[in-house]
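First comes the structure, then the notes that go with it.
By written order: A, B, C and D. Residues from 1 in each chain.
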Amino acid sequence: MSKNNDKKLKIGIYELTGCAGDGLLILDCEMELVDIFQAADIQSFLMAKSDNIDGELDIALVEGSVSTEREIEELKDIRKRAQVVVAFGLCATHGGIQARFSEEEWQKNLKEVYGDIEMSHTKAVHSKPIDEYIDVDLYLPGCPVSKDQFLNFLVRALGGSPPEVYPNPVCVTCKYNENDCLLLKGIPCLGPLTADGCGAICPNHNVPCYGCWGPAEGANFTSEFYLLQEKGFDMEAIKKRMANYSGTKLQEFFEKFKKESQ
Amino acid sequence: MNTENKITAQSNPFLPEPARIVRTYPLTDDVHFFQVRIADMEKALSFRYEIGQFAMISVLGAGEAPFSISSTPSRPGLLEFCIRRAGAVTSKLFQLKENDFVGIRGPYGNGFPVEKMQGKDILIVMGGLGAAPLRSVLLYCLDNRDLFGRIILLHGAKRPAEMLFRDELLDIKKRDDLEGYLTVDGDDTGQWTENVGVVTTLFPKLENINPENTVGVVCGPPVMYKFVLQEFLKLDIPKDQILMTLERRMKCGVGKCGHCAIDYIYTCLEGPVFSYWDVTHMRELI
Amino acid sequence: MKIVKLKKDNLFPFLEAIKGDAELWAPVKKDDAKHTFQPVDDFSQIDLDYTRTILPPRKILLPAKFNMYQASKSEFTSDFSHISKKIIFGIHPCDIHAFLTMDKFYSYEIEDPYWLEARKNLVLLGHSCWPDENCMCKSTNTHVVEEGYDLFFTDLEDTYVVWIGSSRGDDLIREKPELFEEDLTDTDIQKFIQRRENRDKAFTTEINFAAMPDLMELKYNDALWEKLGDACLACGSCTNVCPTCNCYNVEDRPVLGKDFSNIQRCWDACTLENYSGVAGGENFREKRADRLKLWYTHKLQSYISKYGKPACVGCGRCVATCPVDINVKTVAQSLDGNEVDSFWDRLSKEVTK
Amino acid sequence: MKTISIDHLARVEGNGGIHATIDGKVVTDVKFTINEGPRLIEKLALGRTPDEDVSMSPRICAICTCSHKNSVLRAFENAMDIKITPKAYLLREMMHMGEFIESHSLHTFYLALPDFLGYPNAIAMAADYAFEVQIALEMKHYGNHIMKVTNGRYIHGENAIIGGFGKWPSREEMIFIKDRALQFMPFVQKTVDLFCGLEYPNSPNAETNYMCCEPGSGKFGFWGDEILISTGETVPRDDYKSVTNEFVVSHSFAKHSLYQDKPFTVGALARIVNLGDRLEGQAGEMYKKYFNETWKTNPFYHNPSRTLEIMYAFERIPGLVDEFLKLEDPASVVDYEVKDGKGTGLVEAPRGLLIHHHEVQDGVVSYVDIITPTAQNTEDIERYCHVAAQ
């Protein structure tokens, strides 16, 4: 993590294709917002300010997936200007929900939605996470990222350190919150496969985790597959459920799994 | 654990002592030397430790991590560390300058069994960052020269530029009460006058080793252990006279956070120094 | 040991009298008939008809995350602000035993002030319980308590027999002596003995814990561990719900707009992926099987050598929690050579198919 | 011929630009582009189960995630003939109030006010208007808090599910929400006075049609089963396509809509124009005090309209809480079977009319059509910019 001792960190917040939830989450830190703007030199943040500068940066937070050629250029430019590039939110880290299609499916669907019209301002490309195009220094997943995670990142970054990360699954926080496990009740919860950080929002409310933070490091997909199958779920349906939020990154697993179970 | 230093609940054992960096300079590109003094003079002098013990160093905003004490207890007051840039704590530490503050707590760990080593020949084999704890052993033995028999040092590095304490050791090597051998895997400078080859290529140079009276001490990267241990065994050094220090994840240093547990041994309490005998009886160790 | 009697109607007035400015924690029903320990002001929320809570009561002393100290540039200040006077009411024998085990652990070699200070400020009011098929405390010999509590309430339908376990417990009684009756009648004693006998008979699960240290040693390389590793979801749940688990991480969390950090202590679990990871990407226990071995060594073997009894207090929480049947009951039974109908066996058959 | 291009509009939610082509003194063309790429949201849920669709669809937009949630839920509940309990209905409305307060305070204080007062952003404004900025932040926070209590988190909550909710919030949480609402009222009054009293630039008198949900029974509100057009016509929800014929333009991945070949406006101003006279209480009085004919022809009056709606929401909340707490606690979600069907859900998002149409076949989603307020407004935005640029 870069830092200059006397000057405030120069931070830029950029949005590619997505729901803008991660940028909005920064604005949702209402009680901390004034401190944030005082502690850091926010150079660019389209959603919040109009006097934006495109200069050298210490940190660039990039949210959204890469979905047009113009965004590829923009992203490369950000990489050139920033010491540290952070993939901010699930769309940037994993491609988001829009990245779950295969290339062919995507082409087909694009045609169905937009017909043959050629866009004048830029060409669409299959949505991908930003590390498909540039080197990424840090990943903050989540759909959207959480306030705690963002503030933890920010306060540590301001002092020149990366955040502490615990690559745990959702179950960890779910247990802290003393939820009765949904898997035991036969509800298809993806908690064991999903990166922690949301606060176990869904199981807190008796709703099974949908996996919106993307796959957890070290997750045991095979075991969960068979467990859900044993609970009466259809293999294809489980796969689809798992793929919803994992973007392009679950594909590798499916390939491996296919080989293993043959 | 040294009972004299046992800290009671009144003085929260997790609370570091403010300390200042007295001196810091690079030993190599990614290993820096740090000399640190506890700010409170009285506490600085009463910080007594043994060779092979470690301390927790904390850096504001980055965290805390364990580091072997590289200085010798025979020279109290200042603590020396030799630290490789690895992650959050160490990177931040590298940005600090002389006079900046860090936090220190310790010393922790069992340290080397000095009593058992006394009167024996000491064969020290270190590689890479293994020099951090073993420099303390070496300096201590030299400072208390008459307590020990022969002192033999084998030290290896990848390249001359990566040899920790190179100049200090080249100097020490000139002493006639020490048999010192330095080696590099490869010499890219053309100026290296010492041995070239991995550290085990130094063993044939050793003469008249009396295994029963020798304590072998080794610390280095994981691959090194395997080969050096074989050499020790070839020399017939008894397993309980072969000593090594191990690394594990640690968050507390005092046997509470659980991370350093190997089977049911806490590395921070019963280690980090283990004999080869211990190691062969601990299933998870190597 | 002194024993008194308390009419059930007098329970709430007694709690009211002793509560003072302390926080009273008691079992409260969460949805689906599961219970959790919660701070209660309204005593009618207390539900003593429970077997085990989801999280063990250690969370009351060492919360999942708390500040250990504040660090500024040149100063470190202890933070004990999360510790306050607390009463735990309704804690069962197994959990009291777990507290005793933790007391030993946190005093071993170096004292952990966060546990010990919290403990000093804690009043423990135990309560009798009735086993279900997952309770193993009779096997771990933790189904009765002789020490470790201030008062212990045994439910005899309309009254409680109250054992006084400490001088502090005695002081508590003295707050409202008029609520208690000094003398137990013969029928009370008969009832008490009868209850104990019936309860002893109600245990359906028996585990040979005495054999476990040897079996762990002998079967260290058994194929069982690989199977467990294949099935384990690495979700950390067994570890997080166990009353004798203690691992934690420490985080330096700078405070926005201030020049100091909060140094936070947060639970960790050895069954999680990154537990033994160190700088540079090395991980000493990358395999789930290795992490499980560590956990079971801890529960079934290592404490015995250090403290003379297993770390497991037989509460059955891991049994009630693990989605894939890996728990002390099934693992101990398998190590002991019994057939166990478990997910891990079915899984390995499926995978090879 | 030259073009003036603003590639990235600042302080709007989403990433858009405006490109005006000027030939001599005549503006020949204005294009409002959305720089974002296509996400094909309507294709994402195909083959997925309805509950997965309910989780994914609101990810279209973070700012109106609760509106999307309510809309998609209404669609599926219509498609599968599910009747939620009155208690769940009230909680859904509460969730909607939270979003309106959050979104409207964001929009008025953070995105719009700095422009009127000449600051680059709201935080810079804090130097001179510390109190206002602080309370406005608290107001936004309060809106977020409601969404968290009702739906699980600020953005993309998951508590609202088909058939009701995963879990009821606690009584204490609901009472807290009510108490806070009452405390805010003086500031809400100030907010209305501030925005309704501001001098707005003259607009080139561009008349348009206004469109919003008809809440029914003569009330003001944020959802309904019919679309109400300022011409007086109403359209039932299932005929939504007759008013919102989305089409693709070549300069944006956001689709555009026209009503009877004319652009139309949705949003706060549309609701106030169409329904303002139904406002009661303090909001009703403020409507009478400030509303006049110029509002109808000047899009700057979106902001005063938003503040009237903020007031409406704050006045509605205490009653909502009371009604909610009066009802027994039934199961938070009603039992239902996934079955085949087609359904449309209409709600008012803060930005305007939002339509979700979802179809289920063989237990999975077979067709999705979502019409967002942006799609409906873009034609009008371009038209206004054209007039303004002129």
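Note that in this section a contact is a pair of C-beta atoms (placed from the backbone, for glycine too) under 8 Å apart; a residue touches a chain by one contact, two chains touch by 3 or more.
Computed from a prediction, not measured in an experiment: that's the story for all the values here.
When the interfaces A-B and B-C are ranked by how many C-beta pairs touch across them, B-C comes first.
Using CA-based centroids throughout, the chain positioned farthest away from subunit D is B. Think of the whole protein's Cα atoms as having one middle point; the chain whose own Cα middle lies nearest to it is A. Distance between subunit A and subunit B, defined via averaged C-alpha coordinates, is recorded as 42 Å. Rounded to a whole number, the gap between the C-alpha centres of subunit C and subunit D is 49 angstrom. If each chain is reduced to the centroid of its CA atoms, subunit B and subunit C end up 39 Å from each other.
Chain centres here are Cα means. That of subunit B falls 65 Å from that of subunit D. Each of the following residues of subunit D touches two or more other chains: 167. Of all residues in subunit B, those that touch two or more other chains are 60-63, 87. Touching two or more other chains at once are residues 31, 249, 251-252, 254, 268 of subunit C. All chain pairs in contact, by the document's touch criterion: A-B, A-C, A-D, B-C.
Only residues 1, 6-9, 12-18, 39, 58, 60-65, 86-87, 90, 101, 103, 247-249, 251-252, 254-259, 261, 263-264, 269, 283-284 of subunit B touch subunit C when the two sit together in their complex. Put simply, subunit C touches subunit A in their complex at residues 30-32, 34, 36, 53-55, 64, 230-237, 240-241, 249, 251-257, 267-269, 272-274, 288, 321, 323-324, 343, 346-347, 350-351.
Listing the residues of subunit A that touch subunit B in their complex gives 1, 3, 155-156, 159-162, 164.
For subunit A in complex with subunit D, the residues that touch the partner chain are 15-22, 24-25, 27-28, 30-31, 33-34, 37, 46-52, 64-68, 70-71, 96-98, 100-101, 106, 109-110, 112-115, 117-122, 124-125, 127, 143-144, 146-147, 198-199, 201-202, 204-207, 210, 212, 237, 240-241, 244.
Contacts from subunit C toward subunit B in the complex involve residues 68-69, 71-78, 105-106, 108-114, 116-117, 220, 246-252, 254, 260-261, 263, 268, 270, 275-280, 284, 290, 293-294, 297-298, 301-303, 305-306.
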